[in-house]
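Two complexes, one shared chain (subunit A), two partners (subunit B, subunit C).
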Partner chain A sequence: MKRTIAALFLSAAVPTLALAAEPDPLESPLWDYMRQQFIGQDPYRFDDRIKVNLPEFAEDPTQVPVTVDAEALKGNIQRIVAWADLNPIQHIFTYYPHPQIIPRVSLRIKVQQGTAIRAAVLTKEGVWHVGGSYLDAAGGGCTTPSAAAGNPYWESHLGEMKSKFFPREQGGRYKFKVIHPMDTGLVDAIPEFYIEQVVVRSDQGDDLARLKLSQPVSENPVITFDVRDNTQKHSVWLRDNGGNEFEQAL
Partner chain B sequence: MRNLVSFMIAIISVLSLTATAAPLEYKLQAEQVAEDTWVLVGKLEDFSNKNGGNIVNTGFIVTDEGVVVIDTGPSLKYGRAMRKVIATVTDKPIRYVFNTHHHPDHFLGNQAFSDLPILSLPKTKVQLAQHGDAFAENMYRMIGDWMRSTEVKLPTETVEPGVLALGGHELQLMAYSGHTGSDLVIFDKKTGVLFSSDIVFYQRALTTPHTPGLKVWLEEIREMKAFNFKLMVPGHGPVVKGMEALEQMEGYLAWLDETLSAAAESGMSMTEVIRIPIKEEYRTVALSQREFERTVAHIYARYEEAVF
Partner chain C sequence: MKTFALSALVAAMTVAGTAQAGVTDKDIINDQMTPEDVVTNGMGPRGQRYSPMDKINTKTVKDMRPVWAFSFGGEKQRGQESQPIVKDGVMYVTASYSRVFAVDTNTGEELWEYNARLPDGIMPCCDVINRGVALYDDLVIFGTLDAKLVALNAKTGKVVWKKKVEDYKAGYSITAAPLIAKGKVITGVSGGEFGIVGKVEAYDAKTGKLAWTRPTVEGHMGYIWKDGKKTENGISGGQAGKTWPGDLWKSGGAATWLGGTYDPDVDLLFFGTGNPAPWNSHLRPGDNLFSSSRLAIDPDTGKIVWHFQTTPHDGWDYDGVNELVSFDYKANGKTVKAAATADRNGFMYVLNRENGDFIRGFPFVDKITWAKGLDPKTGRPIYDDANRPGNPANSKDGKKGKSVLAIPSFLGGKNWMPIAYSQDTELFYVPSNEWAMDIWNEPTAYKKGAAYLGAGFTIKPMNDEYIGVLRAMDPKTGKEVWRYKNYAPLWGGVLATKGNLVFFGTPEGYLKGLNAKTGKVEYEFNTGSGIVGSPVTWEQNGEQYLSVVSGWGGAVPLWGGEVAKRVKHLNQGGTVWTFKLPK
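And now, the complex of A and B:
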């Protein structure tokens, strides 16, 4: 019967729409609004080849691991935008991968409640391919003070990086960690303070990966990405919203 | 069709009424496991609205001079039900109530014993004061109305490791740390019963939100194996006579530790680690997949840090 009602509703609604929009597979209440924010009027389609890998539940809402994998569209990617529909600050990152880097990135984020987490991949033809997964959470990750807010350790270690290269059968993997409070600005009397830009450079001077980060990325970010060529040397450069720049050979 | 809709709504309302009208009751049963010793065995489940958080083993020892209670369960309602069960077994007064550690399923029944001395290790009391309210809040979210009127009631006294003699029983109190940093293990020398608290989980996957480290825990399990007990009451899971519970703990902890180390050394990210299949012999352990995922969230960052 539910279907009958839905069908009635649809048949009434369709004539007023120029294009019947694909329904959101995650049934998020904010999908339409988010789509306007991040995709605008561009053509898009839901595509389950765009992987957003998450745990089922946010055990620690200040450190939720997320992997976005768009390898299925390799070589045809302009940029990847990731966001969490129901976070107070939705945007997580925008990623511009070079063809020499595997379009897959892992990091950890803060979530305020259970939410759909999306990755929208803009191809060179100008079509967005949207993937996503639902995360269950008790919440509170964005309005919990960072550990740094109660501990001055970060002040003398800001921007310190540790990194490691892991050779793989093909190419290799970099994982690095940087000391930064990544304050969202949503906690009373703690202004926003977070890393906005990450650039991975090859020794030939190419920008292999450019990442624009937003406040939901977790404190002391740990970022993992994969390169196709493990004979090259790489370095990483970061800048936060306070204008501090950090650079390190990987 | 409108008639049909109202009919459906009527049916749904009747169904939900009957569902909510059933009184919440724990139906606790005390099982005598040794001379003077009773255990209330909980389910091998996660907290839910259905089980009211009765997923924990609590127990009591009836000595000539009164009763010693070991843990008070997940809610005021549980604590009250437990006290009733004790009264059906003995008319001796309760002398001491122990909280073995600071996790919510072990102490939130304290209010039902608020007229009595409630004892814990000193560090447990500090942890309860720090995290107790947050645990209680989370329990309201997970089990709902079962928690009605439950509030944190802190231990009234602290105990150091040593021997507590009461009514012909000598209870050896031991401070372990593998599960939460402060875990009270109680050995009754008269009966040979070892109340291992959550240092031992059996047939139910262990939990790690406050572990100081798997290696610490593993070391303590190995220590416990040398202990000459006749019967072990684990914090979760069936009571056992032999080494099977400790062997399961030892094997599972070792597997966890090796798996997380190897994952970190190969550069795996957390979302990849949570997809590692559980070693076959532990797949039948209740909640092993879910608890493995939680463990990765709790401690994998430490393994990553060690590799940098």
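And now, the complex of A and C:
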């Protein structure tokens, strides 16, 4: 009820909002359905400033690099939700960035076929800004057994992390990799097993970034964050759906 | 139609109430006498597997019929040895490969499932089974084949906490249902075939914090955690080397793989311990404490209060983990606080559960060759030395000792499948098997993560017509009151009810209901795959329900020798069957 009232109010105040049926610039057959899943009845608009950067073609559908960049709305973000319209499991991640972190994240994902990849950014005013790109891909990334399924290496290295820090003009970039099969549960006889939570903490104990991941994130995830203050020390904490927790200083 | 809508509403309300009505210690202690739920493995912490319900009885049972069936699905249909747990309209049941399912008890619809992602390197000796969950507060707790305890949110199936109990690469695993006593979740470990060291551990049920650990092999230090600090808590058995030679106690086995029972009356945990490792007994002269024993453990401190060893210096894999079931009886006008256990070695024992004193023991199988009998005072076996497998060191090439025919076989007069005790007939119902084995010893040495037996064997049936025998045993006299014979070996648990019925399943797929007084078959229904699980019964909407898990597997098809011929045509499955009387 509250939401409807807010929406009505907002629609009066911001006439450019696509409350009715602004056509999907990516012309995805599932746009309306996905919108209901992830945005519901909230007001939204397509916004070119929300960037979803993808390769031209995903040669390896199990490792597709994706960068979501919402810097245009920095300081005004509640959360960012990313999904792939035509994946069997659509949700990729939900990201809660702290003001001390640049709202840009890169990781790799699995795709089942060519699909629109979306990022919807909810601002503090309660409006969703939706960006997206179309990914051309060879299929099958989500239903291919992980490499871990054929190699017991992960069993004794689960959760091991490697990280690097790249200072930039302002702030710096963390890139870390963690050993994890990230099984989707869509392969016969291999239960879903994936990292659900990622938290980047500053040495003051602030949660700078909270990420909720879903099964489409690639095996042995590689995740990149940008921080504004490169003098701080940071650590990362992960938890998978099996209840395993991992923590490491970056 | 109206009735349907109303019951659906009631169902919705009970389901919604689940998370609020968390399971308490009181619920667990009173489980046996609260028909509306089954919150413990054993249908009560004493493990009597007795229900005071009698709507389904010898007169009405003929009309009992299935109301729903639930498939575990997948390609993981292996032995299903689980006992379902029921609380507030939800059934929590485990399946092969460390899976847990929550099922709506009204409709049989799945609410959630949890599949442990197991490493390829797990080493279960005897099929990838699981025997069930424990409930505490709003948690569903179970053990996995990679030796972890996992606590799931009862409403969502999401992991709340998870603890590594031991290293699966050293051969540890967990298949038993955990036990809850006084806010702690208590577990044992499997792995006696790999030279592990058995132990019993208690964790805070809500947080998963380790409270104490008690090794079950003499010589190993126990620990207790006080204010988060690990403190030495006494060496099991006082010191190393009293009943073990050299350093064999360091890989001495005595796995606590079947879990335990708890009697709030005397406030003791009862855990059985498995075979000493290796099987070749000539390598380890001595009694080899605390292998093949029953241990009474203080739930607060993890100290061993008493022990009773059924097979000292076990040379036949009489892996005595068998459950110790508490019961009271009257003798000379006095109440005896007793407990009974039907051992792998073919003898049934009645003990004083306060101090472990031997009251009486008697065979519950037709023939026993490894012992001539029990010492009437102590219960210690009187060995027949001719029937201990020969020492390979005495053979010409030192590679194979003399083979002997031993009865029962190592799969036991009774294996894991739990007995039931009826408070009405005052009889124990013992699922037993009549089989023998040729067994010989070989040299062996311990190597981490490798089988550690030093023995070879082959199993053979004693009779052409049957292997399985469900027996009604009188614990006061040691007499068999009746028997029911089954072609294939029995491998599932028993349930006794006030309805004068005894329920159990057979590998041929039948759920059977027998007259508790006479053994007459009053009911049978074929579930489509072999039953190696344990039936439960509970009350819902004023009606008596009964469930059993069907799905052939377990140790028999893996180790069965000549017996395998009798079971190789049996097909696998993985289904919960639920029954009630028609309205």
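Here is the rule we go by: the second predicted complex is superposed on the first by the 230 of 250 C-alpha atoms of A that agree within 3 Å, B and C clash if a C-alpha of one lies under 4 Å from a C-alpha of the other, contacts with A are read in each partner's own complex, and residues count from 1 in each chain.
Note that a residue touches a chain if its C-beta (ideal position, glycine included) is under 8 Å from a C-beta of that chain, and two chains touch if they have at least 3 such contacts.
Owing to the predicted nature of the structure, the values given are computational and were not obtained by experimental measurement.
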**Three-chain arrangement built on subunit A, subunit B and subunit C clash or fit** = fit
**Request:** For A:Phe193, select first, second, both or neither according to whether it touches subunit B, subunit C, the two together, or no partner.
**Result:** second
**Request:** Please work out whether A:Asn76 is in contact with subunit B alone, subunit C alone, both, or neither, and reply first, second, both or neither.
**Result:** neither
**Prompt:** Does subunit A have more residues touched by subunit B or by subunit C?
**Reply:** B
**Asked** Looking at the overlay, what does A:Arg173 touch: subunit B (first), subunit C (second), both, or neither?
**Response** first
**Request:** Determine, under the contact definition given at the top, whether A:Gly243 touches first (subunit B), second (subunit C), both, or neither.
**Result:** second
**Asked** Of the partners subunit B and subunit C, which touch A:Pro55 in the superposed model: first, second, both, neither?
**Response** first
**Item:** Touching partner for A:Lys162 - first (subunit B), second (subunit C), both, neither
**Value:** first
**Request:** Determine, under the contact definition given at the top, whether A:Ser235 touches first (subunit B), second (subunit C), both, or neither.
**Result:** neither
**Message:** By the touch definition at the top of the document, which applies to A:Thr143: first (subunit B), second (subunit C), both, or neither?
**Reply:** neither
**After superposition on chain A, the shortest CA separation from subunit B to subunit C (Å)** = 24
**Asked** Both subunit B and subunit C touch subunit A; at which residues?
**Response** none
**Complete:** Per the touch rule above, subunit C residues touching subunit A in the complex are 74-76, 99, 115-117, 119-121, 150, 158-162, 169
**Fill in**
In the complex, the residues of subunit A that touch subunit B are 1, 4, 53-57, 59-60, 63, 65-67, 106, 108, 138, 162-164, 166, 173, 175, 177, 222, 224
**Message:** If we count contacts the way the header does, which residues on subunit B are in touch with subunit A in the complex?
**Reply:** 1, 4-5, 8, 138, 141, 209, 266-267, 269-272, 274, 290, 293-294, 296-298, 301, 304-305, 307-308
**Request:** Mind listing the subunit A positions that touch subunit C in their complex?
**Result:** 152, 155-156, 181, 183, 185, 188-193, 241-244
